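Chain naming follows the written order as A, B, C and D, and within any one chain the residues start at number 1.
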């Protein structure tokens, strides 16, 4: 079974690399529609990461909500707004070099500190099975108040979005 | 109302689906074309043909060029025959119809004063080359009078009766369904 | 009820047992996965090919025609002839098209259609992957089709394609919601998201379609499924009489065939999932389990084709109104009815939930009618 | 999965976060900025789920929070895109440096 573990690990690393490459494409491509497609790839890669963390339910929710709903919304908004395929318009402002340098420095320090830290791995949670039932119990018992709040927030946001997006009669 | 219209429509299609299995004669109305063919009606018209009586030499066409002039898409091309002295004979040497251009209007048949050109029933004329194969020459177009009598008996009887009444000599003397051996003399009609 | 393993499972087990004799364990695991994948990868396209044949046959019969009957006996080789024609056709890419997107879209549209087959229980023990979130997986993966269709429509650089793509996205997003909502009662009744467990909960004739909530939820789910795969009467994205061919206007040859394949495989998958959720899956007497599954699924596919042979296309406002004003409130209230069914004791719950269902149906129906657009008055047509 | 140490996930999410932050900083297109924000939110979510799996007291805690984050991201996207649409309708542009009405 060792080989299978190696394969799984290789698959995870490949998914990670693809996700990072797609993320770079999201921030660097000129055609905003291509950016949206790359973002879909990023979201699918993140879903793969969730699967490697044994959070299948969450991975599926990620695909259902992000790819199915939010990205559709984003693509609709892109379609409704502008000339998307016009590559002559510069898509970045003048801060690009500065921010790239700062963020690269941040990444170097961040990776260094993460590697140096020793993490205390909790063996109980490693083996625990978090399926839809456990999550549902958590939502309905311990976290029921934030759950209700968040649904109110969602409704408020949707009503606000409708009012904002409505064309003036 | 209440979606019952949908159910009604769906029951109709389901009924025809079942009918096509239990009683195909009524349930299926299509004709399996190359094997079965629908009878064409008598006044059906497709591309024209030239009539001869008896032998192919004995054609009714006198190369008067009226049909070529009247033809709306100008698909008929006629050169009259000439004898040794270069005098024009009352017979076409070349009679070409480009079936790629012909639009089956039947005007040539209408205007022909000699009842020499009629519309045919043959509709299976597809060819591989539209320039050469669909250009029908005089000899391709010639068909006996009996063919005309066979495909359009009513028209043929009326026309031949009229010709006989007008006293057109020669070619009209034989009744159409008769045998080709009793064809009239080979003299060209004087008109 | 006693079920023995279906023949396909026995064959697979035999192969694995044979290989286990001389191969290391990890290769056997990989080969086991590969066998399932291969089975699906063969089953999907073959299903698609014969669904095209079936559709043409059935619609032909409904329209007083024979349907294909030239190639082979009963026209059974017609799909192969079509395939050869598709493969040898010229592949046309518009000059201004977004080449990458245009190329990727047909590929992307087939992937989810094949992926969803992995969680459908074709028979006892014949599920490729028994995910414990199988149902959600199905719903999530089938939303990827939207993106692929939009990629194709945008990449074609054609206004009709774009219109078709926009219509497709709007329609799919709208029908996604009542679809998920109509599934919720089933999850409520079974307490699981795994398709295999849902089928096992319905064994012994306790099909959910025989309950008041299940009957209507099945209808809603099936209708939404038909809308999801863009078939008549919901085929606005490819409405031939309005926008040429919609999102696949600019596709020819094999790329077009891939779009077609995705549509038919999704149609099969949706029928299969309806069977799984409401019609007892592979459960049934006498016949082997996979035969029952295929029988029920093809019955639903026949209904889809029957729709196509009968119904005209929706208007856009009718389409959206149907989803948002009729189906969505009805499915939301249907969840309450299913909860009533769950908490009440057995003989009483049929009566109570049946009455509740009828009341809800009437209320929702009339409420949605009142808001429906007034009849058009034609100013110049009179 | 037991073979993958938690630092992999943390580094991955850190890189994803910095890429998203770069996008927020340099993008001119408003929808591009929104998409970069989505990347940042996803990076945070990976961290939540990974830590809840590896080091948290309860395994479902991080996933619950990640679900809340997804809902918030959805509302943010809805409101943000509605704002983008109304801004585009009024100003005919969606480039951030051209929307300078409130700038002095």
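Quick note on the criterion: contacts are C-beta pairs under 8 Å (C-beta built on N, C-alpha and C of every residue); 3 or more make two chains touch, one makes a residue touch a chain.
Given the structure is predicted, the values throughout are model-derived calculations rather than measurements.
Centroid distances built from C-alpha atoms place B farthest away from chain A.
With centres set at the average Cα position, the gap from chain A to chain D is 7 Å. The distance from the centre of chain C to the centre of chain D, with each centre set as the mean of the Cα atoms, comes to 33 Å.
As a whole-number value, the distance joining the C-alpha centres of chain B and chain C reads 55 Å. Computed centre separation for the pair chain A/chain B is 75 angstrom, with centres defined by C-alpha atoms. Chain contacts: chain D has no residue touching two or more partner chains. Chain A has residues 57, 61, 69, 76 in contact with two or more other chains. If you sketch which chains touch which, the chains link end to end in a single open path, with no loop closing it. Touching chain A in their complex are the following residues of chain C: 24-26, 29-30, 98, 100-101, 131-133, 136-137, 139-141, 143-144, 146-147, 150-151, 154, 162, 166, 169, 173, 176, 191, 193. For chain D in complex with chain A, the touching residues are 1-12, 14-16, 18-23, 25-29, 31-32, 34-36, 38-39, 42, 45-46, 49-50, 52-61, 63-64, 66-68, 70-79, 81-86, 88-89, 94-97.
Taken in their complex, chain B has these residues touching chain C: 2, 6, 9-10, 12-14, 16-17, 20-21, 27-30, 32. Of all residues in chain C, those touching chain B in their complex are 58, 61-66, 306-307, 309-311, 365. Residues 5, 8-9, 12, 16, 19-20, 23-24, 26-27, 32, 35-36, 39, 42-43, 46, 49-50, 52-55, 57-58, 61-62, 65-66, 69-70, 73-74, 76-78, 80-82, 89-93, 95-96, 99-100, 103-104, 106-107, 110-111, 114-115, 117, 119-122, 124-126, 128, 130, 134-135, 138-139, 142-143, 146-147, 150-151, 153-154, 156-158, 160-165, 167 of chain A touch chain D in their complex.
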